[in-house]
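In what follows, subunit A forms one complex with subunit B and a second complex with subunit C.
Showing the complex of A and B:
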């Protein structure tokens, strides 16, 4: 088992390497686009050549990539094309904001999805199940950026009870920080809860139909004991494994939400990178988001392997 | 017609509602120039930020343009983007998935590892990164969203092909000396198409959402072209004076996504009832 866990952990390195290559290729898919984008369409060929020489863009792509990747692994993401500021420290400053937003949103999504998904499965094909699944279907179709806009309209403009944006670090003023985070985290979390709710319902249904639950019923265990002690516990492992994937999607969704609520996180840095055509900024922030997503998947996979060794054998098959 | 009259529309309620919503959106997109009361581009400075009224049912925007007309025309962009992006995803994904499953070995390993890797990227992030290089336009949004869909369809096509390959008729086709391309196109493809269609309906919803998110960020459809995403983005600046700008395009987007989601769920229920729960 330990060997398999180490193998899973060791796979992180080549995965990260391949992910960084994909990001690098995606940004450089059109040769010379970095210089043209940064200097504008009217840039002369001489200006483009000067720009490329200054930023090392005239070297072969493979050299550029290896140079960038080796430095990035040491926390050096290069300097911004726009203001020559180092990208690494900027990312480091913004990472806690995005992590806090994503974690709060994930928490909200789980707090909604876990009980509602379990109840829907327990009341399978009864009115409560229909109401909950309809709620999940409707929620799943709501674009998070529209929900965020409606929240601002309702809770910051019509009934001004919450701020429409801004950020105070948690350590400076925890209360102000959490108040500012309510609307952004709710916009992300509510929409994400839809998929998690469906997953919880499906997982719970599988567990409730298994032999050991029937045995527990046959032995006279109460509904509450069966649901909480036997079913819920066993449904949680597959739920969290799939939930980690949703965390990845949610982490990607921060770009739009951070823009709406003017949060100084990595998501808004990605946007700054693309609007200013500032490739070091874009590439650095996109790589860090990817690392967080891959790491979340790896951690959850490893925990799931420890908690449920059947997954290891499934993997071996 | 016989099939339509025999089809139990009430039993397949989700599918029925999905078809009705999607049908409405498609009809709106096709007949936009006929049913829209005004041109979506005509400016009228005397009618700026007018609240909904008998003349302008959904009000007017900051340039005096009719919001209803722009909302109807925006459905064209959404359907076009979704159609092209999903086609790119289905065609690219099917080719990769079928080839990986058919030839197996190293081809399978390399192609599917690449697909898994692409799948692990947050979709909107990959779209943004791709658009940084391709440039911000609606055509590039279609391509970027299409590329994002390739891994999902490849995994599905591979799984279905692997299943089909275990059937005796494939063995028989090989034993009579049928060429690889004939086996792939005539024997395997018909098995792959049905699950891909179901997935395509769900992907349509996601494509509409992604296009709107990109346009909302200013990376997709560019003004004055109407898109639900860029209309919502513009509305942000006038929330206090004209809240309808932030509500109506969002409602249209929500119903469009809901329609495609219901259509996908309904098709899945109908074609594979085991997956219903």
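Showing the complex of A and C:
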């Protein structure tokens, strides 16, 4: 068990390395120039050359990358091209906002998906199943930014019961913080719940049709005991594994949602970084998001492993 | 209706049971008017090929018919308790308590995420309100009684750590936990090696000898039946075609279908003449021939076979539903 966790930890570093290389290449392949963005369209070729020399952009990519990566691993993410602010501390300041949003959204997605998916499977092909599946399909087809705009329109403008944006740190005023988080977390979480719900339904269906569930019935277990004692744990194993992937996807949504609700998180930093071709900002934020997603994956995989004795023993042999 | 001797105490008494899938004109009668009795401490075989309705009949006894199937006539009595007149809750309460099922595929029938000891002791928790600690200690005892070595250790393991034979023995231990009146074993040895198979059969026999448990043994394996059972019912396409004591069924098979089954079974002794398969296939429930449903595959069929088969006594408790049984005769 512990060995399996250590194996995962050991894989963390190469995964991060690979992810950072892809990030770096992606950013440099995309057309656009950091110097032009920083200096404006009227900048002279000399000014651009000076800017590039100053920021090390005239060096070969491989050198730029290794320089950046080595410093980043030491916690130095460089300075923003735009305002010369150190990127590291800025990310650190914004990280809690993004983490809170992502975790709340993920929580909402799971709280919706778990019971509804299980119920849909339990009432397979009955009316309740059809209603739930339709609900999931519609949610899956809706983009989260569209849902977010709709929520702002409905709950902040037409029926103003919730704020349309802004952020108060949780520690200074938990209530105000949570109220501000409702709409962003909901628009992210609802959309994420769609996939999770369908996964839960499918795995639960598979479990309910299995021979060991028949055994449980043959033992005289009630429906409730069958569902909770025998079916749920088995259905949760694939559910968690997919959940980890979905958590990663959720961060894609964070970028847009933070902008819509004016949340000062890493997502909005990524957006600014892209618009301004502010490489240090963009690379730093993306790297931190990668670390968070990798860590989440590891935690979820470990939970799935604890739930599934077959995986634990597979590792021992 | 047979006489006093059998009426004394049958553990299971099925009378004129029919089970159908679907409704109205589209319904398919999968089990058609079968009657079957198992006395106390008796091991009764129910033989038939896939699709003959033997498993559905056993599910009707358990009250676990799949969605869409229902009993359309007949009665099922468990030691004089008319099960079909009882509520679903009542039937659930005797399932795993007075009737236990030993399924075919032990590995897939054990919960992969539950410790074996926990699963073996669970019926005690469900039906006797036993604490988990008690159920666990009882499970260790049960695992020891089915000849599992190191039961203390084994009870803490998961099903995938067991071999096929150990898994099946754990299933039997689970079935025995509440000392049921009736064990339904649905092809429990099909997935096992021959040597392991023999161990499991010995175990079932020992269970019967020690606890006087009645066993309904469902199989398509005639060798196993000869080895284990006291009496046999041969089922074909939803109906029983022959019944009798096991030695008589084997020495004097009195229905062309039973004879066909025996001819299609490999034997160690006897000439190497190759096996004779039964021509054709088992008919679908709504495509059965009129009268004797084996008639379309039968080498001895006559026009009269289109009339409803009647029971014909061939010997002591030995009944055939073939109207030509007298003229065809047995081999002995």
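Quick note on the criterion: the second predicted complex is superposed on the first by the 295 of 317 C-alpha atoms of A that agree within 3 Å, B and C clash if a C-alpha of one lies under 4 Å from a C-alpha of the other, contacts with A are read in each partner's own complex, and residues count from 1 in each chain.
Keep in mind that, in the parts below, a contact is a pair of C-beta atoms (placed from the backbone, for glycine too) under 8 Å apart; a residue touches a chain by one contact, two chains touch by 3 or more.
Bear in mind the structure is a predicted one, so any value in this text is a computation, not a measurement.
In the superposition on chain A, A:282 contacts subunit B only, with no contact to subunit C.
After overlaying the two complexes on the shared chain, residue contacts for A:59 are found with neither subunit B nor subunit C.
By the touch criterion defined above, A:93 lies against neither subunit B nor subunit C after alignment on the C-alpha atoms of chain A. Set side by side, subunit B and subunit C differ in how many residues of subunit A they touch, and the one touching more is B. Contacts of A:157 after superposition: subunit B is touched, whereas subunit C is not reached. By the document's definition of touching, of the two partners only subunit B reaches A:142; subunit C does not.
Of the two partner chains, subunit C is the only one touched by A:217; subunit B is not. Legend: residue contacts after superposition of the two complexes on their common chain; A:293 is shown touching subunit B, with no touch to subunit C. Applying the stated contact rule after C-alpha superposition, one finds that A:308 touches subunit C and leaves subunit B untouched. Put simply, subunit A touches subunit C in their complex at residues 210-212, 214-222, 225, 230, 233-234, 237, 307-310, 313. Chain contact summary for the complex, subunit C toward subunit A: residues 62, 64, 92-97, 100-101, 103, 105, 108-114, 122-123, 126-127, 158, 160-161, 171, 174.
The touching residues of subunit B, when paired with subunit A in their complex, are 113-114, 117-118, 120-126, 128-136, 205, 209, 212-213, 216-219, 232, 235-236, 239-240, 243, 246-247, 250, 253-255, 257-258, 261-262, 265, 277. Note for the complex: subunit A touches subunit B at residues 15, 18-19, 22-23, 26-30, 33, 37, 124, 137-138, 140-143, 145-146, 149-150, 152-153, 157-158, 201-202, 205, 248-249, 251-253, 255-256, 259-260, 270-271, 273-275, 277, 279, 282-283, 286, 289-290, 293-294, 297.
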